[in-house]
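Below are two complexes that have chain A in common, paired first with chain B and then with chain C.
Presenting the complex of A and B:
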């Protein structure tokens, strides 16, 4: 082969790699975000408000001052965990809708052990969080086993197990773990055994955020630097080829869902030890379900999940400010998020709006996403 | 009606050709699949469309069938410029297509399948008698024998294909496109099909026959248009050409159609053996019903048979990717029946699966990941549960170069490669571990002629090195030219053993399950 030809062959994939790599992966969600803000502006106008003022308030509420940043980080922290829980399972070709229940299992574990091990002080924190990982792992393995041994579809089982987990957690919180007093919920974990706040200026944002970042790094290493991750990705992309290569489909199915469960469980533990100090009834809702959106937005990549969670967290934080400053209701944040997700998942729609070029640039991950949703 | 005219003869006579495609160009991103392609199909003519995989035949036909819109160029039907919007539009204009993979619904009857989507009605309900009557009439008129009331699930592949053709005829097509119709047929069934096609053109139908098999086109088509790299290379009269010329036009250089096989001294000991092996297919039916075989070192054992007679299940059971129902598998004399695929691989078994798309490769993995698909858990790729992508990349780069995979870029996504290069990537992985036993299931399916040469060369090289090779193939020519002995499989059983000198006739009868007499050795 001549030198010139080899060079030519080398150049093309490199270019494509860059385009479909980080830049390409970011471009598409960014377009979706911009578009949804444009659509949101129309909605704001329709409610008789000034979209510029609304968006300035939204931005200020999300990033305008340290306390705003703190709120954004606080909101984003659990979503990183639940987003990762979806992403890991997705890499194995599984749709984990059970993040909500898995988070509740972790939260009730933390509420129970946080109180009973509170005498250990700060030493209790790693012990309790490890316990959350374990209970989340066990709980997540249930739909995995149902799938591996009985062929039960994980979408159905994870959805159903959410109800079981949530009600089981509430039962524990209201009965054996119930605190004295009129408010239903568990006893509160001793301050010494709680995850400390990062700094006074950032408000309630706590070191749980860094635990979440560590979890994202761990997930990255797991997926791309370990045998298990290699198997999980192979099983997810091509069960036939994985089986042909001698990998065990059932084992990887169970592990992927269980690892997802352990991440969401850890998220529940961080919520209790970091943010709330106990588990109230009702406990904070929808963190698990929003994790699905975060994972979709983040293209099931740990770095994308972190960015997606920050966007979700920022929008929710900013929407409160926007409601104070203008008459735009809090729900606009939810509407914006819904539109962003619609645009990210409905790639054809964006193709229609911005033309095919953008889609070609961002193809790599988008098609995989559709495939996953279609299955 | 029977005025058979050559393509350009039609226009010179004044009557426009049934179909003319002029300067058709279709691009997908940076790839130009069709580059100014023109072809002409005269009334009552069979046009052969010849080209390697990825040459652009399918794209062109998808344009004709309304699945793609051309970027440039025009399509004329009976001299009138048309724009075909979608398959429904194509059908209403009299264009029918028989795909490589059938689009029949197995639980329905023949008649139901044929009228599906254009059902005769009685009030609100389906007029089944009318459907049966129409099917019988068509079947009689064109000599395509089928029983309208039998369930498609119970029919053989050859008959299913007839149903597909009848389905098109029921919609009054004038142009029939057949995509690789002989891939699933025995030699005899192929002859039957061609007899039917000749009858159809005698009746005024025009046919485009897509294939990459050189020989068949000579027997049946009037003209042959050869496509290479998206361009029409030439259109030749089938009467004035031969296989050598067609191969040269198709590939762009001289091609060795015959494989040079050296004599190997008497084969060595038995390295792979099966004893009374029974295997179930994914549907639960017995697919392999008591197969005995022995492959010796330095020998290629060919396995001929029509697709779907248990060859796939046999290969998978031997390789360990499918559980065995009964019987035993031996690797180098040791019982391997209960070993998994990875344990067998560690004992020197290489397996080139017939389906590189869904088994041999993870399409969305990079080539370096695919190259380590079986050895990712062994040093030097792995230690203590961690994997080392850098080492994988380096090893893959060497293997890809050694097996002439293009591009030899370890980062390239497997799915972005052509069929031939994907197959070479599979070979690079399977053969570079210096295996003792090789199971090659249809190693050249959907692979271009150049890659076929290379793959055959590699298999013969392994044979010369004393490896035991089981070659499973649907291509008789391939089995004959490479094998030292040939087993024929039919309905899950080995129905005969012949030497490589066996004729098409002999093999064909065995493949059809007839003349099931074990040849006395």
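Presenting the complex of A and C:
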């Protein structure tokens, strides 16, 4: 440690200690969450309800008893996958808005193979999930290649590819894979080939949650313990320097988006094999878009993504209890999440609230995003 | 052949109807993006306006007051986007995503709070079709172009007006300059932040016309998530139309035509899902540069910090 830094710390030790390290990393998200809940309280008041009662019901619905915890875990599971899908790409300096479509590709893969390989019983589970990883990888590589070879910006291509993927998945679900009967959707995977529930008390929460945790650990190991991960992060931090050091920008771009795709695809597979058993039309929406919020809230770190997903999952789980116990509509949860997302990258707002020094220490996510979409 | 002409009339009419909300939102997106602010929140801007229009019309009994509340809501949400991205330097993509989520959650929340239940709102007095004398009796094109709601006629007027404003007025020059080279226009004395507020604000107003047309022109009620991706198709039209009002309107008409054909001719020749992919696939092709690459305003996506 240099003399200068020590001197600076001596001058302002407490503030520095609070703001560095983990606390610094948590500052942005915590401020966003607190502000969002404060705004939410005003909204609840405006509708003539008691915000304290609403939030107590929300908390009970998210963590109050084992079945509430189970719902939180169940909701958090796909968001861990889609959050990781955003985070990996983000580490390479890329914005993956395609989690929604990638998840649908994985889900329809699982619905198709889960039904046709159902006779394998539990053995089918790893096979099907591996297939979801592969189809997600291939689908995710498309925007990567469009960027690497044609310079098409990944934000727009991933948005557009979402709709291509969703339509394609719906076509498959309603035509070749369609189930008998009036409800549009695929056939249902045999119970033996489904991901089992964790325990009776936790309701529908299933071992897919642990698959998600494993995926988070795998992403951590990939990014911080392998050469490939080092390259991906180097490309994200400074494409010029990475290129000068002999790293291939195109390859790392494609891989980062493809790995993101494989994670969201796996998430889709877990949704089908764990939660739903098939792919209905319409299928569960917004998991991919919420993954963006989860990743940003978790500062694009796997551990943060898990925490962010638990928060989002808990909010959605608690919202139902809140609507039941008070008169507050459950959509309040979506509003709260939107406000969190709105605030979490607002660097100047944080500067406004806590001052410039704090911002300088906590703005990693903000500054990294400041690249244009023009090129 | 007679059968074909019998179908062509309704197809053209529904082409214009499908295209109208897309044109409005794409023109709105154009102002925002030309000023240097990406607006993937068009979907949310349309949705909240569609809802606010119905609430206004429901409370007042007047479609025009509904249009006013729709525009107010679109403007308000757009200004939130501007506040976050221009003033607080939040990421534009994230803020746009949040606007979409906020509109989805907000309309769902307010449906229950105002109308007592989710799903579909009560019916309201919308904008009826107004046939323009003489013009509407032109065979084939007459009913398609000139027997429409007043909002459609407004759209016809807006396309050339926006073209003129963006390319032939000092305001348009400053707006485009702000999106291409903010440092340069700043040096020339233009307030970059203010131009971006104008651009994003106008995107809210125009997207609001699109949203109002959905809930008060095409239908006479609000249903949850009724925009159903139209904001993103509008974004696609904007990019496919090369950030040019005429191009964007042309792209919107093309996308609207593709939809109209499927809905009226479809005999399972091509599955509808594949028709719905057309706007998105074309946009990807345009971005990848086949047939002349679509190039965004140079400074788009970057917050501008005055030195």
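List of remarks:
Assume the second predicted complex is superposed on the first by the 336 of 375 C-alpha atoms of A that agree within 3 Å, B and C clash if a C-alpha of one lies under 4 Å from a C-alpha of the other, contacts with A are read in each partner's own complex, and residues count from 1 in each chain.
Rule of thumb we're sticking to: a contact is a pair of C-beta atoms (placed from the backbone, for glycine too) under 8 Å apart; a residue touches a chain by one contact, two chains touch by 3 or more.
If you're wondering where the values come from, they're calculated on a predicted model, not measured in any experiment.
When the two structures are aligned on the shared chain, A:346 is found in touch with chain C, with no touch to chain B. In the superposition on chain A, the chain among chain B and chain C reaching more residues of chain A is C.
Within the superposed three-chain model, A:81 lies out of touch with both chain B and chain C [touch as defined at top]. Contacts of A:226 after superposition on the shared chain: chain B is touched, whereas chain C is not.
When both complexes are overlaid on chain A, the residue A:151 reaches chain C alone and has no touch with chain B. In the superposition on chain A, A:283 contacts neither chain B nor chain C.
Of all residues in chain A, only 43, 47, 95, 97, 146, 150-153, 155-157, 159-161, 163-164, 167-168, 170-171, 174-175, 286, 289-290, 292-293, 296, 329, 331-335, 337-339, 341-349, 352, 366, 369-375 touch chain C in the complex they form.
Residues of chain B that touch chain A in their complex: 29-30, 319-321, 340-343, 345, 351, 353, 355, 358-365, 369, 372-374, 376-377, 382, 385-387, 389, 406-409, 411-412, 416.
Within the complex formed with chain A, the chain C residues making contact are 38, 40, 80, 84, 87-91, 93-95, 97-102, 104-106, 108-109, 111-113, 118, 229, 232, 235-236, 239, 271, 273-274, 276-277, 279-281, 283-284, 287-289, 293, 295-303.
The touching residues of chain A, when paired with chain B in their complex, are 9-10, 12-13, 17, 224-231, 233-234, 237-238, 240-246, 360, 368.
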